[in-house]
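Below: a set of structures, written as structure tokens.
Two complexes follow with subunit A in common, the first pairing it with subunit B and the second with subunit C.
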Partner chain A sequence: MLRLAARRFGAMILIMAVVSFILFLIFETDKLAVAGKVLGPYSSLEQRELWLEREGYNRPFLVRYGEWVTDALRGDFGESIRFKAPVADLLWPRLANSAILAGLVFLLMIPLSLLLGVLAGMREGSLLDRGLSFLSILTTSVPEFASAAFLVALFVFELRWLPGTSAMTGGFDWSQLVLPVAVLVLYDFGYVARMTRASMAEVMTSHYIRTAILKGLPRHRVVLRHALRNALIAPFTVIVLQLNWLLSGVIVVEVFFAYKGFGALLYDAAMFGDIYLIEACTMVAVFVAVFSQFVSDVGYTLLNPRIRFAGSTVR
Partner chain B sequence: MATTRRGRRIHPGVERMKAQLRSGSCDRREFLRTVTLLGVGASAAYAMAGRILGEKIVDPLQAAQDAGRRGGILRVSMPVPEIKDPATFDWTEKSNCVRHMIEYLTYTGPDNITRPYLAERWEASDDLTVWTFHLRRGVRWHNGDVFDAEDVIFNFTRWLDPKTGSSNQGLFAAMTEEYDTGERNADGSPEKGRRMRAGAIEKLDDFTVRLNLSRPVLSIPENLFNYPTAIVHRDFEKNGGDLLAWPMGTGPYTIADFAVGEKCILRRIDRPYWGETLEDPFIGGPIHLDEIHYYDHGAASAAQLAAFASGQVDMTFEVGKDSLQMAQSVPGAVLYEVTTAQTGVMRMQVDREPFDDPRVRRAIQLCCDASVYPELVYLGRGTVGEHHHVAPIHPEYFPLPAFEPDLEEAKRLLAEAGYPEGLELSIDVGNTNGPWQQQVCEIFREQLAPAGIRLDINVMPAPQYWEIWDKTPFGFTSWTHRPLGTMVLSLGYRCGVPWNETRYCNPAFDAALDAAESTLEVEERRRLMEKVQRILREDAVIVQPLWQPKFTVASEKVKGFRAHPTQYHLFHRVWIDA
Partner chain C sequence: MRRLRAPGPGEAASAATALRRALGSLRESPLAITGAAILAFWLAMAVLAPVLPLADPNLPLEPLRPPLSVGADGSTTFWLGTDIKGRDVLSRLIWGARRVLVWAGLATLAAYLVGIAMGLVAGYRGGWWDEALSFLANLLLSFPVMVLYIVVITRIGASPINIVLAVTFASAPAIMRIVRGLVLDLKTRDYVLAARTRGEGALWIMFVELLPNARGPLIVDACLRMGYTTIALATLGFLGLGLPPPDPDWGAMIAETQPMGAFAGHAMLFPALAVSSLVLGFNLLADGLREISLRD
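Moving on, here comes the complex of A and B:
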């Protein structure tokens, strides 16, 4: 098990190293373009060359890359061109905001989707099962921008119950999180619920469940003690992978509601060609992607006793 | 020499303008605009017009004054960009963020009348080549320094230094000269730049500066309210050249909190504002608001409107045409519509293939039936464009014969230019002030198709378009309103000026523009503008589909607000009716 974790961890580091190198290659090979970005379009060639010399850009590429990696590991990603502030100062509050959003989405979505998925999976073909399938396909197939516009039209313009944006300009306000969380939960719960339902339905038809039922065990004990643990293995992986989506896949929702999260920061960085910010955001996004994959792999192995690896198998 | 009761000289042009108003050869609007440019106070100008026309005409802004109530915060949804250097501002939003902290020498009201601001008054020589500005005494910077001629000279010097990269170079071209930069162009020819002429500005005393122009220009006072002409302190560069790092102004507010992309919080200064004792309809009198808050909800007007609808802000910077009905549905919303000279042009770089052939440019222009755009894009609002960037609301506008699209002629020109089978074009569009730009390009694509021109529309994010706006061979650029057509022409179409995105250079056009800018008589100037407009249209460097109307929405509790065609904010007289 430890070997598996170590191997996966090594692969994670390798992926990050490769991505960082490609990133650096793309953004920092053309030194004059970097200087032009920082100093602005009206800067002269002479000003750009002076800046490059002062900032050490005239050193070999690999030396610069090595220094960039060292600084990045210390949390120093340079200064944002658009925001005129250290990237680290921008990154952490935005990550915290996205974590709040993601946390609330998880808090609502996981119990809801697991409950509905399990209930539907327990009685395949029932009215509940069909109803859930219909609802989840509907909500998942409506893109976030459409459901956001619909909810804003209803709750902001028509009923006037909720704030229309989530910029938190007057300080933290829970009510401003209602609409973005609702949009994300609506979009995502159906997917997880359907995965849970499929997994539960499969488990419920397995021999050991049939044996347990035939043994005369009460249905709730069969479900809770025997079916649920196995049925939740597949949704676990799916849920962990949603972490990645909730960080950088929610750009549309964060921009729509002017929520100052990581997704909106990534969007701003990309729109304005803010090189240092793009680099930092990309590395964070890649880290979360590979780390959630790592957690998912290791967790799946721990939860599923049928998966064992060659080194630890007793023949 | 005619003088006022206080013994001040009256420009001889004022008498000529009076005669023109009497004879009916200029209208009241043009009379008011011109005599105020020549140094007559707005109220006096309105009174003069009233006497001549035998009507009781009072300054409408003066008439609209109400008592107001002190206190309160005005919250506005508007993008908050970086605001480091006012001389290089390229968005109106940037100037709005600091408009109540740093100020201008003059201001042009929504009625198109230019009034004194940091300059108390001005005089122009008879030939309009020498402009003397008398600066207001008793104005202090927030650190207690006295505002004086040194500040003004510092700003002009900075604007006209090519290293600053300010668009003001185009506006004040008559104060500059051409020089050899020492660098070479791609074709090996020496690269030329423009810099301030020696003696172009002089200090007569601590509160008087004189501008010496190489040719007559009437619009100098109007140019001084163009958004990158805000006056910064003479020590601006010594303190880092960053307004945020050293927020020093003469205005009634200072920046209390600022974060790009989030907010700009302005707080009233804790000392008397010089303008509070001033009699002026827009900037004079007591300051009402305690604070002005700009919140960034993104450039999309939908988010701005959602913030307004839920009471998170009192006002939006702009409402898109598609959201008008929604805006009006909000209880207590007041919609402001203003006719503007804001536009977008599909402009071609004349030194890049295939646009280096005038026949190709002309053929492209001939495909444009501009009459359909206001209806298709703005539901009947807006005005048809005429491909010369002078709007019917501009006082010097000359009505050329309507532009007639001609597909057969377009095909003939293309064939003559070596494209008998038509050609493929790609236009860059950034939707920099809304998706209407893309819509325009899509309509134009259909209009080009019958002539064999296939247009590929390359849509890109707005910030990315602003990276390439002056580099792309074919792009769609939006231009904001300016009170005079000649201002835009000077900024964007004169040889070698920083914002000349088409790289167009026609000495005949420059000369015609010089002549128009230097002519006081309205009829004569309009006649001269015919040539300017005709040259630009015939040289076919732009395709201009329409002039945009602009909309904004504010809560009914926001009082004293007047929408400005430039979307400039002037909140000195605004108050909140709690």
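Moving on, here comes the complex of A and C:
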């Protein structure tokens, strides 16, 4: 078990290292444009070259990469050329805002999708089951920006119940979080519910459940004590991996509602060509994705007794 | 589950029967029929766009007219209204369908060519080929999709070709994983051994023996992936990183209207409906096809 975790952890570090190297390499070719953005459009080529020289951009690539990595490990991600501030100072508050958004999404999505999935999986082929399967296909077909457009048209323009932007210029405001959270829950819950349903349906047809029913246990006891335990292992993985998808959705939703989160920061940085900021944001995004993969792998092994006990001999 | 058999000389004929059977069982699934109908509608719109009596999609006429309003000349009707620049929304919607279907199709095709080649080699060759290709795939899959799109496209610029390239980067690794898994299963079959004994080359075995037998799950996945790619293209359009203006793009239509949305809700809602219905079509059809392949 520990060896598996260590190996997965090693793979995760390796991926992060390679991604960071490639990222640094990709943006390396853009140095003159950086100088141009700092010095303004009317700066001459010589001025730009001089600035690059003075700021140490012309030192060997590997030296600069090594410096960037060691600084980043110490929490210093360089300076944003657009905001003229340390990247770390910009990053953390934005990450906190996105964490609030993602946290609320999970808080609503997990109970909703598990409940619907379990209820549908308990009675395969029932009206609820077929209804859920259609509903989840429908909601996963509507891209985030489209459902945002629908919800804004209804709740902002038509009913005037909610604000249409979430910039929080006048301080923190819960009502501004309603639509972004709703959009993300709407897009994400269907997939988790379907996976839960499939897992539950499979467990319900297994021999030990049939035995439990045949020996006369009450149905709620069979479901709660015997079926759920095993049926919820697979959805755990799905939910953790959902973080990866959520991150993509978060970018779109934050841009749509002008929410000051991490996704919007990444988008702004990329659109402006703010190299250190893009690199830091991308690394954070990749870290979240790779780390959730790690957690789901290790967690699945921990939760699934079949792998847990077999693991010590096989792996 | 999947029907596994050696492809023989009667391959073409049996493919035709398989198709007929698939269409036959499609008829039993109302959801799949609905999906196919939605797709047929958008395909027809996309093909017929040049011959339909539509206004020029990029020509400013009268700004912000509501749906079903009649133009100042008294003869033109704006069925779905006009946008903030005065362009006919219906015309932009239909030309937008043509554009998104063409480029999503090309992008998915490119991703499939690369993904299938990678998966066949990784699965059939195994060893170092597999290690290297799987690491490459893991590397690309470690990016949240939208982050990969944004980084790649802001770096290389938003041209149609670059978007095809970005979709290939984002989708090929996932396709590779599917193909690799199928090949690992299929390559132990007797007909592969027979082909190897006959002295067939690796390329022949990969493309003639393995690939045709892996088609079932791949067709379902391709259908789903067309939906994903449509979402990706439209989302990129919304973020200002999609197919370049002024030609219509559903995502960009929403982004253009959003600041003035209170006065032009229709110019935001119709593109949102269009993209959702198209993706729904792909997803319903994929679901129906999967059900059919499970039943066989």
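Brief remarks follow.
Note that the second predicted complex is superposed on the first by the 298 of 315 C-alpha atoms of A that agree within 3 Å, B and C clash if a C-alpha of one lies under 4 Å from a C-alpha of the other, contacts with A are read in each partner's own complex, and residues count from 1 in each chain.
Definition applied: contacts are C-beta pairs under 8 Å (C-beta built on N, C-alpha and C of every residue); 3 or more make two chains touch, one makes a residue touch a chain.
What you see is a predicted model, and the numbers here were worked out from it, not measured in a lab.
In the superposition on chain A, contact of A:271 is made with both subunit B and subunit C. Contacts of A:224 after superposition: neither subunit B nor subunit C is touched. In the overlay built on the shared chain, the residue A:82 is in contact with subunit B alone; subunit C does not reach it. Once the two complexes are laid over each other on the shared chain, residue contacts for A:63 go to neither subunit B nor subunit C.
Judged by the touch definition given at the top, the superposed model places A:258 against subunit B, while subunit C stays out of reach. In the superposition on chain A, A:143 makes contact with subunit C only, while subunit B stays out of contact range.
Legend: residue contacts after superposition of the two complexes on their common chain; A:289 is shown touching subunit C, with no touch to subunit B. Between subunit B and subunit C, the partner in contact with more residues of subunit A is C. With both structures placed on the common chain, the touch criterion links A:162 to subunit B but leaves subunit C unconnected. In the superposition on chain A, A:40 makes contact with subunit B only, not with subunit C.
Shared interface residues of subunit A (contacting subunit B in one complex, subunit C in the other): 149, 152, 156-157, 164, 255-256, 270-271, 273. Of all residues in subunit C, only 31, 138-139, 142-147, 150-151, 154-155, 227, 231, 234-235, 238-240, 251, 254-255, 258, 261-262, 265, 268-269, 271-273, 275-276, 279-280, 282-284, 287 touch subunit A in the complex they form.
The residues of subunit B lying in touch with subunit A in their complex are 75, 82, 84, 88, 163-165, 183, 244, 259-263, 293, 295-298, 300, 302-303, 305-312, 326, 329-330, 461-464, 467, 498.
Against subunit B, in their complex, subunit A makes its touches with residues 40-45, 47, 82-85, 149, 152, 156-157, 160, 162-165, 167, 169, 255-258, 260, 268, 270-273.
Within the complex formed with subunit C, the subunit A residues making contact are 11, 15, 18-19, 22-23, 26-27, 30, 133-134, 137-138, 140-147, 149-150, 152-153, 156-157, 164, 244-245, 247-249, 251-252, 255-256, 266-267, 270-271, 273, 278, 282, 285-286, 288-290, 293.
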